[in-house]
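Look at the two complexes coming up: chain A is in both, with chain B in one and chain C in the other.
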Partner chain A sequence: MLAGLAVLLLVALASVMVGASNITPATVLDSILHYDSRNTEHLVIIEKRLPRTLIGIVVGVALGLAGTAAQGLTRNPIADPGLLGVSFGATLFVVLGIAFLGATALSGYVWFAFVGAALASIVVYSVASVGREGATPMKLALVGSAVSAACGSLITAIVLTDTQVLNSVRFWQVGAIAGRGYDVFWQMLPTFVVGTLLALLLGRQLNGLALGDDVARGLGQKVALTRLLGATAIVLLCGSATAAAGPIGFIGLAVPHIVRVFTGPDYRRVLALSAIVGPVMVLVCDIIGRVIAPPGELEVGIVTAFIGAPFFIALVRRRKLPAL
Partner chain B sequence: MAGLSILLVLLATGALLLGKASLSPGEVLGTLIGQGTPMAGFVIGELRLPRILTAVVVGACLGVSGSVFQSTLRNALASPDIIGITASASVVGVLSIVTFGLSGFTLSLVVIGGALVAATTMYLLAWRNGMSAYRLVLVGIGVAAICSGVVSYVLSRSDIQDAQAALVWVTGSLNNSTWKALVPVTVCAVVIMVLVGIFTRPVHTLELGDDTAAGLGVPVERTRLAIIASGVALAAVAVSIAGPLAFVALASGQVARRLLGTGNAGIAVSGFVGAALLLASDLIAQFALPTTSFPTGVVTGLVGAPFLIWLLVRSSRTGTGS
Partner chain C sequence: MRQSVLRRSVRPRASVLVATALTSVLLLAGCSATTETESTSGEASSPSSSTAFPVTIEGALGSVTIEEEPVRVATWGWSSQDAVLALGVVPVAMPENVYGGNDDGILPWDAETIEALGGETPQLLSGGDTGTVPFEEFVEAAPDVILAPYSGLTQEDYDTLSKIAPVVAYPEEAWALPWQDQLTIIGQALGKTAEAEALLADVDTQIADLAAANSVIDGKTFVYVSALEADKLNIFRSSDPRVDLLTQLGMEVSANVADLDADPSAGSYFYQLSYENLGQIDADLIVGYFDSQASVDTFLADPLVAAMPAIQEGRFAPVVGESFVMASSAPTALSIPWMLDQYVPQLAAAAEKIN
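Let's look at the complex of A and B:
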């Protein structure tokens, strides 16, 4: 765990240093302590790289925790944090915002994304809760994928009829942490903090849920309350991440699997390590994206797929897989 | 099943009658018997009938494929979409369209080849001292992630015209329905479905759990492999003609299960559900808005999702839910 934190710090430092022009650690320290707005290197660090790194860390933590919570909540190893319709709901509202309300700036998208994420998950959770048993994992997953599919259809319908919208959305939809300023960071911070606290505190409950609803109840847990809190945490976390960076696909799904190889199935430890592995993954992919295709950049959302997936496959091949 | 067949026939009749060139029912009937005007013959024979039949065949393939994945992997979210089959087909399709400018029959052939290559690669990657379905699913998810990354990249870097064309294909549409493509596809589909039919009973037994099934004499891993291979082949065939139609496979399997009442996987029923879903979506996609017609894949989510949700809510209320 401490090793993980150390790795995270190193990677964060690298993220500030590396880029189209590499900057030495001494300069980085200098820019923080004696900020000189006339020095271009200081400008790059403070105005571009630092917010990018901070957002990358926050997005990584959010997605890692949300993914673990989603898999724990639904007892389904192929669940990802978008399962409550969050990513698609957010994208749908961003598209609606661009198409009908003329939203242009990135920080404008953030509010639409939040609203969309919240609405979609409320719909999913309410529909899944109908009936005596409440929101069972199966119903949550199914309703979530149904709502996501419906949102996806609406998105495609709007985007195909209006080329302007397609043009704006296809860049947002890739998922990137570049070009976001401190305003985006502060916008997502409140929901992120609440979501993180909620998720980390649910570790014991998720362990109980993993044994099955009846056993959990027998152990004295309030299953319905856990599900509600878990769903709220997922929405807050995944909603913040999607609002800030666009839908980044693979991390929420892969991080819990990777972490479980090192920690075993105890959710308290899985959650804690996911909060570290998540941002490491995001930052590493972002750094690679900066250097791999000069003079341009590859967005994080693309690099996570190209790098994360083979690594994930290699891991799946190598180790004996612990059961969920 | 009888209800679904009637629904299918109704939808097909509707599809035959509706359209930009308005034909009276009499003309339609006449053409079907073989004595119609040349224009009616063209519209029905070259435009509408192949499209209807393609919708039925593709829908059935996707429905059966989805149901097969869900029952073999015992996971309600499993479908050829999740484990990377349709995603790899998307990549091949998008790259072919944007980089090589392919379309039509050539595109279909390339896509089916690509999907089969991807499936074999996934199988080889997941094979390690034997096959595990869990590992196969996880490898599939990894491959799907890579593929969607490539698609995102191409969509964000290409020229806007190319991006639009690629997006239309990736959404899935029935605009390329021709007799030339339909015949080989139907033949393949029928052959594979016969295979699936042979394996239906062992698959139902597999649902009881690996140990129970082995105890009942079912060769577990071999059956699972054979049936997943059939599911992959069906999905590849469907995607090669119509593109990766979202959600049809997932929804058909779940809808079939709920229509039959819990317990039975209903592989055959899923085929019917898939066909009906696709046909209905196609009709809506073409005729819902008077000025625009959408690619079919846009509507499959809009039609399938509410219906699935309604079924879920209904079965929850009556207590027969999951």
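Let's look at the complex of A and C:
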């Protein structure tokens, strides 16, 4: 755990030090202690790299926790935070905002993404709750896929017929933490904090759920309440992450599995370490994206895909995965 | 027993009916297609030299021979329709220009010329924005020649289109052809080489006159940019027509542009620079295209952009507005006169701020 925090700190430092231009560590220190807004290198550090690092950390924590909660809630090892239709819902509303309400700047997209994430997950959860058993994992996963598919086809319909929208949204859709200023960070912070607290406090309940609904009820847990709170946490976390950075795939799926290798199946520990491994992964991928294609950059959404996938495959093949 | 006999005799009769219906539909469709191609003609074409044909034009994707003067002309890619219209021919099919076009999807200067020539509105081809060639629409248009010298046709597209009509594609690289060469090639293909030369000389004179009237821009260095993605700047290489037009006005591409180019041998017409490296740009003028004033404002609001010396001193001449952008990004014999009158004074005003 402490080792994890140390790694996170190192990676965060690297994120501020490394970039498409070469800035010496001394200048970095200088920019924090004696900020001179006329010095372009200081500007790069304070206005670009620092917010980028902060947003990267917050997005990483959000996705890591949301992924763990999603897998715990549905007892499904391939569940990811987009389970409740959050990513697609957010994208759909950003597309609608650009197409019909003329949203232009990145910070404008944030509110549309929030609304879309919330609405999509409300729809998913309500439809999945229909019936006697309430929102069972199976129903959640199925309805989530259906809603995501529906949003996806609506997105494609709008984007294919209106090239201006395609031009604006295609860059957002890749998933990137670059180009976001402090305003985006503050916009996502409230929901992020609430979601994080909620997720972290659900550790014990998730342990119970992992034993099966009946056993959990037998142990005195309120299964329906846990599910509702867990779903809320996922929506808040994944919603804020998608609103800030666009849909970034893979982190929510891989982080819990990586963490379980070190912590075993106890959800309280898995959640805690996911909150550290998540941002490490996001920042590492972002740093790689900055240096791999000079003098330009690659978005973090692209790097997580092509680095994460082989890494995850190797992990799965090498070790026997601890049970959920 | 009798019922089953009846049923058996009804079934073959039904399928015969269906077969007859299908055949007659196909025959009718075939007949109507041929009558359509015979009835529509309607372009005003000026007399041309009969010794111009047959003409063989070499290209990167293959060489093509045009046997006789084409009557029905289709264009693909950017700005070829401008050259065709400038030579007095109204194409039967041209790409739909959603970006910068009027409500019908036709660029303003094209619409004016079509009206002046008294021709029919051409069939608008879809897929121009995505590069997906609409083969069926080309078949419907039934052209005598397809002109696509400034486009991104793949070898496959070229081969398939060649089955519909002779295709004139780019001479060397996709999306890299100065507008003058485009006019010359199209003039050759239409058998109007003399008219094309005269037109070239005319536009060149117009450009030279404008350059002389605004001599403050002469010899100034510039870098041509666009900002579409967060924190990334697209810088256009010298081979791009936008850049070419400005050099024809007497400006020079900043040597910086080649220096910052990480992969000069790459085939594309632009490369990307991270905002972190904006301080390395060194040019007298920064020129760029933006589809609206809001985009310009967003660009200038970025702290790193605002910190650039060129921006602070006002040495910035953006091309704003879709039609304007289209006119300067795909300059042609028609669009250049249309936009230069407004743009060159703007360039001059920015150049005045160079000390």
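The working rule: the second predicted complex is superposed on the first by the 324 of 324 C-alpha atoms of A that agree within 3 Å, B and C clash if a C-alpha of one lies under 4 Å from a C-alpha of the other, contacts with A are read in each partner's own complex, and residues count from 1 in each chain.
The criterion applied here is as follows: a residue touches a chain if its C-beta (ideal position, glycine included) is under 8 Å from a C-beta of that chain, and two chains touch if they have at least 3 such contacts.
Treat the numbers as computed from the prediction; the structure is a model and nothing was measured.
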Next item on the list: Have a look at where A:Arg260 lands relative to chain B and chain C in the superposition and call it first, second, both or neither.
Entry: neither
Next item on the list: Please indicate which partner A:Arg227 is in contact with in the superposed arrangement: first for chain B, second for chain C, both, or neither.
Entry: neither
Margin query: Is A:Leu142 touching anything from chain B or chain C once the two structures are fitted on A? First, second, both or neither.
Written below: first
Check: So, A:Phe171: does it touch chain B (first), chain C (second), both, or neither?
Finding: both
Margin query: Applying the document's definition of touch, where does A:Arg75 land relative to chain B and chain C: first, second, both, or neither?
Written below: neither
Item checked: chain A residues touched - chain C or chain B, whichever exceeds -> B
Note to self: One more residue to check, A:Gly131. First (chain B), second (chain C), both or neither?
What the structure shows: first
Next item on the list: Check whether A:Thr163 is in contact with chain B, with chain C, with both or with neither, and answer first, second, both or neither.
Entry: both
Note to self: Between chain B and chain C, whom does A:Leu154 touch in the aligned arrangement: first, second, both, or neither?
What the structure shows: first
Margin query: Need the overlap of the two footprints on chain A, from chain B and from chain C, as residue ranges.
Written below: 163, 167, 171
Check: If you look only at chain A, which of its residues touch chain C in the complex?
Finding: 19-21, 38, 40-41, 43-44, 47-48, 104-106, 163-164, 167, 171, 176, 178-180, 290, 294-297
Check: Hey, which residues of chain B end up touching chain A in the complex?
Finding: 75-78, 82, 125-126, 128, 132, 134-135, 137-139, 141-143, 145-146, 148-150, 152-153, 155-156, 160, 163-164, 167-168, 171, 246-247, 250-251, 254, 292, 294-295, 297-302, 304-306, 308-309, 312-313, 316-317, 319, 321-322
Item checked: In the complex, chain C residues that touch chain A -> 98-99, 129, 228-232, 260, 262, 271-280, 291, 294-295, 298, 303-304, 307
Item checked: Residues of chain A that touch chain B when the two form their complex -> 76-79, 127-128, 130-133, 136, 138-139, 141-143, 145-147, 149-154, 156-157, 159-161, 163, 166-167, 170-171, 173-175, 249-250, 253-254, 257, 298-299, 301-306, 308-310, 312-313, 316-317, 321
